[in-house]
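So, here's a batch of structures to check.
Both complexes below contain subunit A, partnered by subunit B and then by subunit C.
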Partner chain A sequence: MTINIDQANQKAIDAFMEARPVLVGVAKVMDVIPGMHENLFLHAGPPVTWERMSGPVRGAMIGAIFLEGKAKSVEEAEAILKSGQIEFAPCHHYDSTGPMAGVMSPSMMVYIVENTTTGYKAFSGLNEGRGKVLRMGAYSEEVINRMKWLNEVLGPAVDRALKEMGGLDIRTLLAKALHMGDDGHNRLDAASLLYTNFLAPYIIKTATDLTQASEVVKFLGENALSILNPVMAGCKTMTQAGHNIEGSTIVTVMARNGTDWGIRVSGLGDRWFTAPSPKVKSLYFPGFGEDDACPDIGDSVITETAGIGGFAMATAPALVTFIGGTPRDAINTTLDMYEITFGEHKHFNIPFLDFRGTPTGVDIRKVVETNMSPRVNTGVAHKDPGVGQVGAGVVSAPMKCFEDALVAFAEKFEI
Partner chain B sequence: MAVIRAEIRSGSYFDSAVLMQLQRSLAQLDGVDDAGVVMGTEENKEILAHIDLVTPEVMASKSDDLVIVVRAADEDTALGAIGQVDELLTRKKSNVDQEYRPKTLASAAEMLPDASWVLISVAGRFAANVARQALDLGKHVFLFSDNVSVEDEVSLKAKAAEKGLLVMGPDCGTAMISGNGLGFANKIRKGPIGVVAAAGTGLQQVTTRIHQLGSGITHGIGTGGRDLKDAIGAATFLMSMDVLARDPGTRVITLVSKPPAPKMAAKVIRKARQINKPVVINFIARKPTMRRDGNLWFATGMDDAAALAVELANKMPDLSGPPVLPIEKFSTGQKYFRGLFSGGTLAYEAQFLLEDYIDRVWANAPIIKENKLKDSLTSEEHSIVDLGEDEFTVGRLHPMMDNEMRIRRLLEESKDPEVAVIMLDVVIGYGSHPDPASELGPAVAKAKAEAEKAGRYLEVVVVATGTDEDPQNLDNQIAQMRAAGAWVSSSNEEVIRYAGSILRALNETAEDEYVFTPVDLSTLDKELMAINVGLESFAEDLVKQEVPVVHVEWKPPAGGNEKLAAILERMKKFS
Partner chain C sequence: MTINIDQANQKAIDAFMEARPVLVGVAKVMDVIPGMHENLFLHAGPPVTWERMSGPVRGAMIGAIFLEGKAKSVEEAEAILKSGQIEFAPCHHYDSTGPMAGVMSPSMMVYIVENTTTGYKAFSGLNEGRGKVLRMGAYSEEVINRMKWLNEVLGPAVDRALKEMGGLDIRTLLAKALHMGDDGHNRLDAASLLYTNFLAPYIIKTATDLTQASEVVKFLGENALSILNPVMAGCKTMTQAGHNIEGSTIVTVMARNGTDWGIRVSGLGDRWFTAPSPKVKSLYFPGFGEDDACPDIGDSVITETAGIGGFAMATAPALVTFIGGTPRDAINTTLDMYEITFGEHKHFNIPFLDFRGTPTGVDIRKVVETNMSPRVNTGVAHKDPGVGQVGAGVVSAPMKCFEDALVAFAEKFEI
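Up next is the complex of A and B:
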C-alpha cells in the first residue's frame, strides 16, 4: 500500500489535539513506571553512556545516588555510576519526560498524567523551583534535602488533593494560561498560579498537618515553574498519541541530554535521529559566561513538539525580557514556526494573531525544505556537575536530526 | 605581501544588489585591498581570477555557493574583514517595511490573500518550482528568472492555461498591469491601448511612445521571449490577447514580438483576426506586405506601431464590411489554389502575397527555387503556373493571344477534388486577344458547372488588367467574366487577398486551436497586490508605487542540498 503523507500527518496531529491529558496523582517512580527497577536511572534526551554524559546529567545522577542512599561521597557515587551497576535509559523509553538533566531514580515521586482519550499515562518529577537544583546538575545537601521534602511532604499532599478533586485537566489549564501571557514552557507564571489556585483548597481540605499544607501551598505558589512537569507529561501524552502512524513525517519526540539532540518521527518508530547538542544563544546570570554553559539539555522541548513553548511565543511577549529580543521577535518566532509545522492547534490559540491556533506538528519535510529548524526557549545549565543554572536563551535544533530522518523515511517507504 | 583569504558558504542566497553592497563595504575596510562577494559561478570565478582574488577554495566553489574573498595587507585584516560579513549583511536596512518576512510562498499567500500576482526572480533552476507553487495557489506569475528549461516553460504554461492564469516569462523583464509596473517598467498613463509583447524592451519602447504621443495603456503584458517559438506554442501570447479582447477598457490591441517562428506568427494573426477590435502588429524583422487586412494593421516598426495604435484609438475605424467569403459552399477536402497566369509579374506577385495566407505555393517560375514545380504540366497542392513562360510558348502563341491552352488547363484543374480556388488573369490592350472573356468566360462557367455536378464548389477569381479605352473594353471583359460566375477585380492584390482569405480559412485545422481557461478579468482590474520571491528591489519598486507587497525571504529548498531536495520532490507524489 502506498502511503499518503498528508493524510498520515493529519491523523497524527489530530491525535495530538484529541488527547485529553489529566493530572491524576503523584506516586513513586518504582511503583508506577512500567519496567522500572532498583538499578535503573532515567535521564533526559536520547541514550547516552556515562563516558559521554554531560556535566549536569552526571551531577544529577550523583544527586540521585545520594537520594537513593547508595553512597555518601561524590567519589563513591561516581565509582558506582562508572561501574556499570546502574543502567541508564532515556525518560522517553519509559513514558517519562524530565526537564534539564531529567534524572529520575526509583524512589523519586512523579506526577502521573493520563490521556483520558486513550488511557496512556506519562510521568514527570516534582519541580524543585529555580536556582541550585538537581535538574541543573546540583547535588549539594540543600538540593538533596529539598528533593526529600518534595518526596515526603509535597508529593503526598498534592496526590491527596488531586484525588480529592478528581484530577486536573492540563489541556484546559494550558489553553487558559496561553491567554494570560504564558508560552507553556519557559514562562509558566500564570499556569503555575492557576495550578496553585486549583490545588490549594484541596490541599488544605485533605491536610494532615496544616503547617505543612501551608508550606506546600507557599512553595507551589512561589515557584513559577510548579506546573512545568505536569505540562511536560501532558505534552508527552499528546505527542505519543500521534506516534507510530504509518507514513507520517511528524516529529513526536524532541529531546536533548547536554551531549546529543535527538528526535523521533511518527512514521519511523522508536528510532532516534541525533546530532551533537548545540550551545544555547543565551543571556547569563552575573558571574557566568558562554564558557560555563553546557550544550542544550532537557526533555522540556516536548512542549514545542506538542505545539506550545517557543512555538507559542507570540502569546508570551514578556518572555523576551528573559531571553533577550523584542516583542516583535516573539511574534516572528511563532510565524516562522508555522512554516515548519503541519497544522494549527484546535485548543491552543494566540489572541494577538486573531486567535490563530499555535503551530502544531513539526513536519520533517518542511524543516528540511525551508532549512529552518524548530526554535526552543530554554534554561542553560553549567557544564560541570554540581553547579546549577547559569542563564537562559534560545536555540535552534540541529538540522542534521531532521535531514537524517528524511533520508531514513525515504529509505523506509522506498520514495 | 598581501594575503588572500576566502570563505565559502553553501546554501546561502542573496540578491546581487545585496552582494554588491557587501563587497563595497568589505573593500572599504582599513587594510583591505580588494574584496569579492559573488556566487561561485564559472564566470564569476574567471572575473575573480582576473583581479587576483582567488584561492583554491574559491576555485572549488560551486554555482550555488556564496564566495566571500578578501585581499588584505595581512592575515588578521583579511580574516577580520571576513568576520564582519554577517554584521554588514544585517546592517543593510530594508526599504520594504514588513514586520514579518515569510519563508515560503504559502505563508506569504496567507499574509496577503488578495495578492493575484507572484513575481519570481530566484535562480533559474529553482524558479520553475516556485512558479508551480504560485500557480497552485491560483496566482498569476511574473517570471523574471532566466535559465528555465523549455520543458518547464511548457509545463508551467499548460498548468496556467488549465487554471486560467498568466505566466509572463520566463525571462520576462517587463509588465504593466492596471497602471503598475512589474520588473523593469515605466510609468505609463492609463489609456485605451492594450499591449502584448514577447519582447521586454519592446514593451517598454512601444508603451513609452504611446505615452509620449498622449495616449496610454490598459495593460502591457510580457510573455517571455520564447513564447512565440514553436515549442511553447504562443501559450501566453494567445491567452493575453484573449484577455485584452474581452477587456472593455482596451479599445486597440498592439502586439510586439522579436522575430517569431512563422507558424506562431500565423497562429497569433489568426487569433487576432477573430478579435472585434483593431489589432496593430509589429513582428520585428518581418517586413509587412500590407498595411491593413480587416481588423489588422501591420506596423513597420515599434514607433510606427505606437503611432498607429494611438491614431486608431483616437479615431476608431470602421471594422465592418470585409468581403463575405463563400467558405460553407466548399465540400470537405477542397483546399488548394491553382493560378493560371498569362502574365509573369502578376503570377510573381500572387506567389509573394499568398505567403501571408498559406504555407507553400509551388510554381513553374518560383520566387525561390525550392518551390519549383517538378513538372510544369502537373500542379501540386497550391500551384501557380505562368503559361507565358518559354517552356509553354515554343511553337505556340503567347497565352495573352491564344486562350486555348489555359482553357484546357482550367478544365483539367477544375476536376481535381482538392482544388477550391482557381485564379486567372485577363490582360487586354493592344496586342492581346481581341475578346479573351468571350472564350474564357464560357470555360469558367463550364468548369464551375462540372464541379457543381460533382458535388463541389469551385471559386474562380480573375484579375482583369486594362482600361475602358482599350479596344477590348475593360468593363465589357469584367461583365462577361462575372456573368460566367467569376469573382473579378482590376486589382491583382485585391484578388489575391480575397483568394488568400478563402484558402486560409480552408486550410486552418482545428488541432491548431490553443485551448485554455480564460483569465478572470477581475484579477487584473482589481487593486494590484503581489508577492515577491527573489530580488528585493522588485518589492521595493512596488512599494514605491504603493502596491501592497509581501516579500518572501526565500532560500533554495533544503539549503541547496540537491540530494535532500530530490527526496522532497519525490515525496510530493506521496501526499
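Up next is the complex of A and C:
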C-alpha cells in the first residue's frame, strides 16, 4: 500500500483549520447527544471501569447520581454505580468533551457547537467556575445546587441569547483572545470576557426575569473559565474534521481520565493508545501538595490537540503566576511544540513571535523522533472524591501513547 | 536654596503610585466641575485662542454649540465662537482631561473619578467609539444624536450601576488589562471588556427600560475605548497627586491641542511649557494620508504621564496591527522609556519583561540628558473641522518643552 503521509497530514490539519465552530445553543444531554440513554454517564479520557476510576471521576459520578435524583446518600450512589446499572463511556465516544472528570449525565445541559464547514456537532457542559465543583470531583449540596441553577437558569438564558444573536463564532473569538494574553486552555480570562460581552445584550433582550438575567451575566463575567466548555467543543469539531484521513500520523484526540492518558490518531481510526496518567508539575492552592493530587485528568487537552493551550503559551506570559515557571519558559514551550507539530495555524497566531501561527497538529512521528511529547496546561483535582481543585500546572504527555501508535501505524501501512 | 531633587522625585512618583482612583459616578459638567459656568467650554491641551485653534477642536466646539442648543448652522456656531461670548480653557485647568479635541461643554455628562487616597476628583466625558465622533472634530447630526443618547441614556444608566456597585477601582482594572495585551491608552480592548463586564449586572439590576439596558451594554461592549475616559481621569488623579512637590523634576501633565504640545512639571507649579505640536507617525485609514492629519492632539497622553500607554507598549504587541511597527519596536519603546523615567511602577507591570514595573515619572533632566523624549501611542484626527479620525500611530513629544522646563527649573532653584 502506497501512502503519502505528508499529504495526508496536510489534509488533516487543513481540515482542523477550515473548521468554523459556531456556538449555536444549549440543550439537555438526552435531547441532543446522539445515542445517549437514561443510564449512560459519560466521562473524560479513554474508557475506564468503576474499579479503575480515579477519585475525581468517581466523585463527579456520585454528584451526577444525586443530580439525576437516583440516590440521596453517597453509599446509595456508590451502590448504584458499582451495580452495573449505569453504563460508563468516554465523552469522545459521543461527540463530546468534558473538562477534568468530564462527567455528563442525561439531564445536564450542554453547549452545542457546530462546525459550519461540515455540519458536525460537538457538545460540552456548562462551566461551574473554579474550586469546589463537580468536574473536580466535588458533590456537596452547594455543588449540586449550583449544577441545578446552571441547568434551570443559566442554560436556558444563554440558549435564548444565542438563538437571538444567531450563534457565536468560536474561532474568531479565540483568535482575538490569543492577542489578549489567553493561551486558550488554562487562561481564558479574555475569551470569557469577550463571551460575556457578546451574550449580555441578548441575555437582557430575551430575559424573562431581570434579577435572574443580572445573576447570569454576573456569573458568566466573574468566571474566567466561562468559555472553556464551548472552546473545548469547538476544538473537538476542528480535530474531528481531520480525523480518519487515511495515512495521516496527526493526533486528533488527546484525553485523560485521571487513571489513563489516551490518544487517537487520524489514520488509525477510533483505536485508543493509552498509558498511565502522570502527575502534573503544579502550583498548589494553600493547604494542598503533590500527595493530594490526582494524576492528569480531563478532555480539555483537546485545545492543545487543536493547536492552542500549552502550545500557545508564548502568548500568555501572565499565566505563569497561576501555573508556575517564568515567561521565558512559556515562550520555550511554544517553540518546543513547533518541533513536534506538522504545521502552523492560519487563524491562531502569537503577536510576540511576530504573529507566527501556533504549532498545530501533533505528528506522532515527530514526537517519537524528538523524544519530546506534547506539553499541556491544566488544572489539578484532588485524588479523592468529594474534594475539588487543588492546583494548576503543566504536564507532558506519556511517550508510550505515541510510541505504541507509531508501531500500530507502521503495522497497518506495512512500513 | 538647597533641594534634594531625587528625594522630591521619589515623593512625586510615590504619590502617583499611592493614588487609588475609583470611578464613582456620572454627572453633568455644570453640576460637578468646580468653577464651571454656562459660557465656558473646555478643550484638550494647553491654552489656545479661537484664531490658533486646530480644525478638530474647532469642529468639536461647533458640535458643542449645537449640543447646547445655541445655534443651528455652522455659520451661526462659528459666529458665536468667534464673538468672545464663549470662554475657552484647557480641561487641565478644571481637573479634567479630554481625549483628542477634548471639548467639554456645560450640559455634557462626565465620569467622576476620585483618588480615594486624597479625595481629589477628576473628570472626563463619555466615550463615543471610533471614527466619526465629536472628539475627532466631527459634528454631523449623527454625531450630535449620539452625544445626546450618551447624555440621556448611557450616562444615567452607568451612573445608577456605579452607585449600586459602590464604584469601580480603576488601578486594579488597569493592572489586569496590562496582563491582557492592553497598553492602557491606544489599546484598551481588555480594559473595556472588563469595564462592561463589571457594569453589566448592575446596569440590568437598576434598569428602568430593558431595551435601553440592552443597548447600553451592547454599546459599551462593542466600543474598545469605552474605558478610555475613566482611565484618563484616573491617570489625572495619579499625576495630580504628585504635582507641586517642591524641587521635583517629574512631569505631571502632558497635553496637546493640535496646535501646541504642552507640559507641566511638579516643581514648577501650573506653568505650561509649550512647543508646536508635531505630526504623528501613523497608519492611516483607507482613503486618508499624512496631508489629511492634524498635528498631535488630546489629553490622553496623561496615560503616558502616569506610566502606561506608549510606556507600556511592550505588553501590547498586538497593537502594532493598528499603529504600525513590529512587536520588537513595541518592546524597544518601553525599554527606551526606562531611560527617561525616574522609577518603575509598583502596580503596573509587564509579564514579558519578567513582570518589571512600567517606566514611571518622566524626569525632564533625563529627557534632556538622553535627548530622548516621551513616546506616545495616539489616534490621529483630520486637520479640518467636521471630518473625524483618519488613523493611529506613535509620536515623540517635542524636546523644546522639556528643555524650556529644565531652564526654568534651573532658574527657579538657582542651580
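The working rule: the second predicted complex is superposed on the first by the 414 of 415 C-alpha atoms of A that agree within 3 Å, B and C clash if a C-alpha of one lies under 4 Å from a C-alpha of the other, contacts with A are read in each partner's own complex, and residues count from 1 in each chain.
Here is the rule we go by: a residue touches a chain if its C-beta (ideal position, glycine included) is under 8 Å from a C-beta of that chain, and two chains touch if they have at least 3 such contacts.
Being a predicted model, the structure only gives us computed values, none of them experimental.
Novice: Looking at A:Thr49 after the superposition, I want to know if it touches subunit B, subunit C, both of them or none. Which is it: first, second, both, neither?
Specialist: It touches nothing on subunit B or subunit C.
Novice: First (subunit B), second (subunit C), both or neither: which does A:Gly181 touch?
Specialist: In the superposition, A:Gly181 touches subunit C alone.
Novice: In the superposed arrangement, which partner chain does A:Ser83 touch: subunit B (first), subunit C (second), both, or neither?
Specialist: After superposing on A, A:Ser83 lies clear of both subunit B and subunit C.
Novice: For A:Thr208, using the defined touch cut-off, is the partner it touches subunit B, subunit C, both, or neither? Pick first, second, both or neither.
Specialist: In the superposition, A:Thr208 touches no partner, neither subunit B nor subunit C.
Novice: Both subunit B and subunit C touch subunit A; at which residues?
Specialist: 328
Novice: Flag every residue of subunit A that touches subunit B in the complex, lowest number first.
Specialist: Residue positions touching the partner: 2-6, 247, 249, 328, 331-332, 335-336, 338-339, 365, 368-372, 399, 403, 406-407, 410, 413, 415.
Novice: In the complex formed with subunit A, which residues of subunit B make contact?
Specialist: Subunit B reaches subunit A through residues 11, 99-100, 102-104, 107, 555, 557-559, 561, 563-564, 567-568, 570-571, 573-575.
Novice: So in the complex, the part of subunit C that touches subunit A is made up of which residues?
Specialist: So the residues of subunit C in touch with subunit A come to 179-182, 189-190, 193-194, 196-198, 200-202, 204-205, 207, 210-211, 213-215, 217-218, 221, 317-318, 320, 326-328, 351-352, 354-355.
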